[in-house]
Amino acid sequence: MADIWTECGIWVAAILTIAVYSFAYRDNPLFKFAEHTFVGVAVGYSFVQAIRGVKTFGIDHLTAGEALYIIPIILGFLMYFRYHKTLYWLYRYGISIIVGVGIAASFVRDIETSFLAQIAATAGINIIKADPAATLGNIVFLAAVATTLYYFIFTFPMLHTGRAKTLADAGRWFMMLAFGYAFAKTVVTRYNLMLGRLEFLLFEWLKLPK
Amino acid sequence: MAKSPLEYIESLPREIIYTILIICLAVPLVKPLGLPVPISSRVKEWHQYVEGLPDGAYVLVSVDYGVGSLPALEPFMVATLHDLFERNVKVVIMTLYSDGPICYESLITKVNPDAYGKQYGVDYVFLGYIPGGETAMKAVAENLHAAVPTDYYGTPLNQIPMLKDISGASDFAMIISVTPSGDVAQGWIRQWVTPYGITYMSCVLAMMMPTMEPYYPAQVKALTDAGRAGEYEYLIGKPGSGIRKLDAFSVAHIMLIIAIIIANIAYFALKAQKKGGA
Amino acid sequence: MIVSGRFMEFVALILIWVLAMIAIDKIKKGWTVSFRRIAGLDALEEAVGRAAEMGRPVHFTSGLNSLTGTWAPLTVAGLAVFGEVARLCARYRVPVIYSVYGTQVIPIAHELYKQAFLAEGRPEEAKPEEAIRYLSSSQFAYAAAVQGIAERERPAANIMVGPFYAESLIFAETFYRVGAIQVAGTARLYQIPFFAIVCDYVLIGEECYAAGAYLTKDPAHTGSLFVQDLGKMVAIVLGVIGALLTTAGTKAIVEFLKL
Amino acid sequence: MSLAYRRHLPIIITFIMGIIMILQYFIVPKQPVEPYQITMQKVGETLTNWANLLAAFTIGFGMVNIALIHSRHVSRKTPGQWYYSAWLLFVAVIMVIVGIGGEPALGINVSKYQYDWMTTYVFAALSGTMYSSLAFYITSACYRAFRARTIEATALLIVGFITLMSRTPAFQAYLPQVIEVADWINKYIVKSSFRGILIGGALGAILLGIRTLMGMETGYLGRRD
């Protein structure tokens, strides 16, 4: 019994794969069908995951005796007053907790990981190295960090006019080269993904000899 | 007005580009072209260790991956077994994963030992899934017959010709493990390398290399990532699914580089034409 | 009291917080701050104007937005840009489509949309249910649905600011193909190259956060931008001098930062 | 209802939540020992659970939005769209039923096989294929973008070329220097300029965080009602 369902599953997956790839050529009914199937399944999937979230983050705690968890559950339902004509603002209590906890938890970590630690790492560079390419590299490294930061200075327009502008332009050049590298670097990973799907179509669906 | 050929090439419609891409990726998948492939020093080292095995040496090969990571890890294991079966060595295969036997079946059909004239029970044997992780490694090392009473097919070990006088780790020249798990890769060091000093070769996922590098080369004689299977296949002349992907990368990248060159030539020709014409 | 190793962070947080409040207060009391040009933000009005001429909608999206993840601040920055885009669309009477991934932003987006039409004196023209469309909370179903909108409603402008992941290039290429002018920005490093190379205008990292100050000249946002600039200057000075000192032999600055 | 309840109280709640989370970050070490550290960690975990719980609650906004848009298409029989919308709603309902019966965490486990079948052969297949369609888009983007129009674009083209060659197995075999040049570019130009962008972005996020907690950010989070 399982084999029929698996074989049928492979056919469904293959047709949906071709439907998605067909969009790259033209938008067509087959893609529109796959898109609406995908959104439909994803809606169902997200709804089930949300119920799981309400259960694991809320109801399980409540049943485990942590009575305080009734507060977020009430606020959760209060959020649906958003559709109410006059009491719409009641939704803000739930959102204010999400925003307060979410924003604070993330931005406070940025101070170390993406600010102080990055400056410390730059300050820790020992420029002179045995290998001349590395020494030159360190000089270029420092210049790139400094000019890129210089490029982003917004409220001192005089730094971006006249001869001072060359520093900002240098920053832009370094970023351009970095973007060229990062762009080309991802080509192989994207091709690897497509190879995976082509292997599925060629060997699992069409059953060509390996 | 219809586009001149130069304008057509310079702004090639996407349908043409995408069709060329699919052809460049699909053709090498079906028929490997065997394009030149760079061999990294790590893969060369792995091969040299296998070549250096004396005749009749015993090698423990542990298929330490499950069905989930099979696509990523199997090609390297297949190439390793091809390399081992080229030589006159005794290969004892086992697995620490409950779904390891499924991987063994898929593996052994691809390697096809009969082609090398290898006989089950004489040249190679499969002990099946041994539960317990590091405790299994330790048990096999200390007393093979006590730890594994029968092989995967149920024949008692003492009736298997090649395992008669094999008691444990000290009778093995080498242990090879291919695994996505850091604990397993490091477990073999603790149970086989430190106590018995056996030559240990480990193949892991690329993202785990940083965690394994500290052990190389002191405890792990040869360490590489499974993505290099194509190189190993090219080195031992056994094209498989690893080299097919590398071929597809080569063809697709070369197509892209040529396309960019053509586009730029057409661009400059157009500019010259306009300047000339204006 | 403070966990070891986090003392310097605590000092930095307090310093930044106090400086921000001082700067905001001075700006409220008339201190004027001028800005260098940010091409991407200047282009917003041009993009909406173009959509008005061509009688086609403006599309906005903010990637895999979430108010509880690591990219909560970037999600709020995206919402701020949406507020400005909605104002422009109300002014130019152009329909706007906000393709939504994370449902947490829906109520905020609705408020911003209604406030924009209120500010432009056209509250009766606001149609939030049609403008703000939840597509999916799964990355690639959301991407497929946005591709459908691009091809079938053919927006004349596509504005993307927020936390983008692999779907960034799917959107950039699809909207290029339907001929939309694109202004795109994110702070996620490995997605910036796709916006920078494929879109008409790009907002790189911090420029996404500068929209509020640049477009509204609101004291709180302008004061923040000024303090951010001070932070960058400190980073340049400490970084370069630190490296020179390290080369000379003392790691004083590195130790100082790691307190 | 006075302004206090409509606007000021929510903003005060955001401020209090934010301060607690910041204090938790600075006070609680990896292994809390002191009693105040343990309680602070507990409070931090509880608030994080509350935020995730409330975030899960908001899924309803999406359901209402999708149901409204697509059922309107069906009721109005929008040409060329209504049957797609009907199919979408049908599939969504099926997935919800199968999902509630199949999601292990919900513990009903009636329709586990169907749920796994739907997630493997429909959901995962579509996700994997959409993700891999990037191979198309990066190819057409490369074809268009790597064009020597200006000096800057030429520099971008050269770096792109070197990087592409450094990733092509065939070139790596013949021209190994290509890898060294690409690695040099990555180590000294990419990592450095990305660090500059990272620091700038972090400052933007930090100041936005402070503004949000102080009730000075956008929309309901700050501006007059």
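Per-chain numbering from 1; labels A, B, C and D assigned in written order.
What we mean here is this: a residue touches a chain if its C-beta (ideal position, glycine included) is under 8 Å from a C-beta of that chain, and two chains touch if they have at least 3 such contacts.
Please read these numbers as outputs of a predicted model, since none were measured by experiment.
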Common touching chains of chain C and chain B: A, D
Two chains sharing the most contacts, counting C-beta pairs only: A-D
Chain at the geometric heart of the assembly (C-alpha centres): A
Separation of chain A from chain D, taking each centre as the mean of its C-alpha atoms, in whole Å: 4
Length of the line joining the C-alpha centres of chain A and chain C, rounded to whole Å: 14
Centre-of-Cα separation between chain B and chain A, whole angstrom: 31
Multi-partner residues of chain C (each touching 2 or more other chains): 6, 9, 13, 16, 66-68, 73, 76, 104, 107-108, 137-138, 140-141, 144, 189, 192, 194, 197, 204-206, 210, 225, 228, 231-232, 235
Set of chain A residues in contact with two or more other chains: 20, 23-24, 32, 34, 38-39, 41-43, 45-46, 49, 79, 82, 92, 95, 98-99, 101-103, 105-111, 115, 118-119, 122, 138, 142, 145-146, 149, 152, 175-176, 178-180, 182-183, 186-188, 191, 194, 196
Shared-contact residues (touching 2 or more other chains) in chain D: 22, 25-26, 51-52, 55, 58-62, 66, 123, 126, 130-131, 133-142, 144-145, 156-157, 160-161, 164, 167, 194, 197-201, 203, 205-206, 208-210, 212, 220-221
Topology of the chain contact graph, where touching chains are joined (line, ring, star, complete, other): other
Touching chain combinations (by label order): A-B, A-C, A-D, B-D, C-D
In the complex with chain D, residue positions of chain C that touch it: 1-4, 6, 9-10, 13, 16-17, 20-21, 24, 66-68, 73-74, 76-77, 79-80, 83, 100, 103-104, 106-108, 111-112, 115, 129-130, 132-134, 137-141, 143-144, 166, 169-170, 172-174, 187, 189, 192, 194, 197-198, 204-206, 208-210, 212, 220-221, 224-225, 227-228, 231-232, 235
Footprint of chain A on chain B - complex, ascending: 14-15, 18, 21-22, 25-26, 29-30, 71, 241, 245, 248-249, 252-253, 256
Residues of chain D defined as touching chain C within the complex: 22, 25-29, 51-52, 55, 58-62, 65-66, 68-69, 123, 126-127, 130-131, 133-134, 136-138, 140-141, 144-145, 156, 194, 197-201, 203-212, 214, 216-223
Chain B to chain D touching residues, read off their complex: 11-12, 14, 17-18, 21, 25, 35-38, 230, 246-247, 249-250, 253-254, 256-257, 259-260, 263-264, 267-268
Chain A residues within the chain C interface of the complex: 20, 23, 27, 31-32, 34-35, 38-39, 41-43, 45-46, 49, 79, 82, 91-92, 95, 98-99, 101-103, 105-112, 115-120, 122-128, 138, 142, 145-146, 149-150, 152-157, 159-160, 175-176, 178-180, 182-183, 186
